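Each of the next two complexes has chain A plus one other chain: chain B in the first, chain C in the second.
Let's look at the complex of A and B:
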């Protein structure tokens, strides 16, 4: 009764959206692993990425140059992240207070409200969609929306780039070292606040990239980052906080579960299937698939 | 010539505890100085003040005559003041080789062949067989060796070592002593070593400084200070050793 074709198509669309979710989760987990704080405004950086993409395509570059707008949008969010770290987070990270992550929680929640209100104030409570002139792509007998395929390919390139920098460059070594001992890198003569700045910028740029890529697929509106952010946190719980392979694998897993749930059970509950997986993980393996048991000293 | 490392009237208070009280000491260029004293005497506090982990309430720290007050930890490290921690601060999910490589992230002398230096340090620390093992899998002694290795990767002018020998088996202790002696002799580096191991302090340090209750109680050879009544009293009546 279920055709192979449907199963394959469901699988492909699950993997494709999962990789996009993984970008979001990677941003959350990357910032956490270096700065030991959760950025609760991730969804707003996603939202800003989506608005930048819309404005660039609608007002400046036109639909043919959508691919050029993507890196510009992500870079814009990166610059905003750098400014936020420099102006709002660095002052409190300079000294070692015990309540640093509490402070970061308050600041990022305030940013969440600020950015949402600004979006509503400036562009109104409207929904926009950057036009996509990408044709439907046929994979065998299956039609796939061009915008989704493009988003998937861009996300894969970004992930490969991210991994390559982390694994093979000097700066990547500094980032990996800082994620394991902040005191250790300072002893080696590295400015850990400079590392924070890059980590926060890169982390939110991943969210901005996801926002820009998904702008033509979902719509652009002030709270458009909400659903993807919730999924990002689900993935982080499933994959394990601080784990980069965990974010990737759990992202794809979540995409698959949603996609199969929507196709074979009921698409009305698409956003709920992931929660079932989160519950199962919390019961069976509370550290997540790749997480390590934390120890506070 | 200015002393290699100087503390001048350093004080630090934590709430009701005066952890360092007007501490003054000067370590000469090329000297290996021991810093001893009972638990809670303020030795680690002094190390943290000197290396920028804590900001002093008052007083000054000078490295080769230049004040370090107000500099961040990483800036002090870049000036060639290298420290080790009592609880080793390694990068657990990096390999031994990668841990050594982190020493080059901030400073690498232009004329140094980085990879050759890493190979040399793998020999010196006797960790070659474990080069591609994650640091978190090492034993306590191996971690201590690796921490020393990281510190010695880029020659510093001055080393502050906090309990480098605690909880380590005798063979590795000897390996660490050999590394210290070699760096001291070849590069003329200065050392300030906090230790409870009197036998090693006697071997390495011609002169020691004794701290008690946040103050400097005495300077001198180990045998000289061991005879002072206040030092004996500070160690609860036990003779040193």
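Let's look at the complex of A and C:
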């Protein structure tokens, strides 16, 4: 029947993939918590991160310096995010709040189509891989690709760094304050549009980081961010919109449910198990595991 | 004054409209539905597109068909039935195409044929293999590709030759994947092969196949048949290598993806040792038009054409011959001509679409082979030919 080894291997596989999904969800939930908007183009920022990683490793740095390509890719996506916020989103946020959601949805959906079409137009529809020189690493009884373990470690470091900045720095305090009350931080003399700019840049950089980390694991192609984005939104619903610990725990939970469902129930429905969990959460706790009931002013 | 302006506008609009109709009447519009984005196999779609585009150029350079130029309208199916059906409707109603070749994914071809049988514009599936594409005996459904029973017979011969007893089928939950697993199980029963078969299925939008592959490893098979298409196929190879399933257990890939130039770019380290289905032996000669196409393809793309490109070319060539010899570019006339004529394509063997029994209805089947990469970065033309199957 099912061996203990298979159960342990499935558990490790689920946790590993869950943490990587969480990185994507964190970007979505962070942007929402500050700007109160959903960025529908998150998958495309992930895709851009993966292409940057591929180009840097394949054309410039070589496979030995893959680790250097990762922060450069994330920084590139961060810069793009800053430019997008400054050029396309900032004007919207100067308008009355009632119209923001609609405009933000239209703008980010347009970006989704633009970036995806540009990727296909420039690089073609083929798949690429930046490759990896890292050896297979044994984690308990589970052999794992070195690139996947590296992605897991990088993701944990990024999550810890992100949490540390939010928790212990002045800027983190300002970000947390903006997530509680945009009007409140304005009255304290903080440039809320500047906060938005950083939040959007950091949020999409997290997606770009996920793309760069997963490029050698899941291949690079124009719609490679699609699956991870769907998982990201599932995690946001499970963990609670705006909750950072919720994103991490829900990511791991989703990874485990998908892995165990695929291994021990029916692998054909791997993607369904996550949706079932989402439905259950929506029925039992609509705000998510760690979400708080919102209050409209 | 205002009325005169309106009159002029009307005259101009009518003139442009008439010119548009006249311009359209000079061309014969042909559609092409191929996957050009995920979850479809975009590389496969691009190869068919290259072949079809080059065929249109070659036909037009030789004067077109009956003095008219062929014009190709390409639509992306994304490998999904809904996008494929929308593409077909658009090609027929807006672009007024007379036939729609293409089709890489069986699910797309099957769904489109359901609409095509009502709209009447024929389809030619060039790389979709599910039985239902032709087994339903629709007047408009044609195919120039291997069908499920032939593909499965080929790998059953391979399994018998190697003496394998335990086989894992790792298949996507599409018409292609399910059709092939069911056909394998059926042939195992009817042919008394006595195989112990494990069926593991997956959603083709998934990216992490580790849970499925752990199950396979736990089963300890003699052979794994990778029935993924596009990105899942490549990820299964990589992830099977990571968990140690490859290269210890041989893997057979269910179609000719390893013949593409992208194969070694993606699988430089883990692509050797793979067995794969192919539909064209490099040792077999090409027809005269096939050779002309191969030269034009090499000149344009700086690489040899593989089966997808050859079959994309072949479908357009066959259509051009059918229109020329069959008395017109009306869909009904094309259907009649295809059914009754004999056509020249890229292989030396003639191509026909008889109203044959079962799955062979309107179907021309290329030779099916199993090739084997015996060393890294091996040219597919030098791969070992392990099985060469022909329909008996």
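Note that the second predicted complex is superposed on the first by the 293 of 297 C-alpha atoms of A that agree within 3 Å, B and C clash if a C-alpha of one lies under 4 Å from a C-alpha of the other, contacts with A are read in each partner's own complex, and residues count from 1 in each chain.
We adopt the following convention: contacts are C-beta pairs under 8 Å (C-beta built on N, C-alpha and C of every residue); 3 or more make two chains touch, one makes a residue touch a chain.
As the structure is a computational prediction, the values presented were derived from the model and not from experiment.
K.L.:
Using the superposition on chain A, tell me whether chain B and chain C clash or fit.
P.N.:
With chain A aligned, chain B clears chain C, so fit.
K.L.:
Is A:268 in contact with chain B, with chain C, with both, or with neither (first, second, both, neither)?
P.N.:
A:268: touches chain C, not chain B.
K.L.:
For A:244, is the partner it touches chain B (first), chain C (second), both, or none of the two (neither)?
P.N.:
neither
K.L.:
Touching A:188, do we find chain B (first), chain C (second), both, or neither?
P.N.:
First partner only.
K.L.:
Counting only touches as set out at the top, which of chain B and chain C does A:150 meet: first, second, both, neither?
P.N.:
A:150: touches no partner chain.
K.L.:
By residue count, which of the two partners contacts chain A more extensively, chain B or chain C?
P.N.:
With both complexes superposed on chain A, more residues of chain A are touched by C.
K.L.:
Could you say whether A:10 touches chain B, chain C, both of them, or neither, answering first, second, both or neither?
P.N.:
Only chain C; A:10 stays clear of chain B.
K.L.:
Classify the contacts of A:176 with the two partner chains as first (chain B alone), second (chain C alone), both, or neither.
P.N.:
Only chain B; A:176 stays clear of chain C.
K.L.:
Tell me the contact category for A:24 with respect to chain B and chain C: first, second, both or neither.
P.N.:
Touch status of A:24: no partner.
K.L.:
Could you grab the smallest C-alpha gap between chain B and chain C in the overlay, to the nearest Å?
P.N.:
So the smallest C-alpha gap separating chain B from chain C comes to 37 Å.
K.L.:
Looking at chain A, which of its residues have contacts with both chain B and chain C?
P.N.:
In chain A, no position sits in both the chain B and chain C interfaces.
K.L.:
Taking the touch rule as given, give the residues of chain B at its contact with chain A in the complex, in rising order.
P.N.:
Of all residues in chain B, those touching chain A are 53, 72-75, 77-78, 82-83, 85, 89-94, 98, 101-107, 150.
K.L.:
Residue numbers of chain A touching chain B in their complex, please.
P.N.:
The touching residues are 170, 173-174, 176-177, 180-181, 183-192.
K.L.:
So in the complex, the part of chain C that touches chain A is made up of which residues?
P.N.:
By the definition above, chain C touches chain A via 36-39, 42-43, 45-46, 173, 200-203, 205-208, 210-212, 214-215, 218, 231, 234-235, 238-239, 242-244, 262, 265-266, 268-269.
K.L.:
Over in the complex, which chain A residues touch chain C? Could you list them?
P.N.:
Result: residues 2-3, 6, 9-10, 13-14, 17, 120, 124-129, 131, 136, 142-145, 148, 218-219, 221-224, 226-228, 258-260, 262-263, 266-271 of chain A touch chain C.
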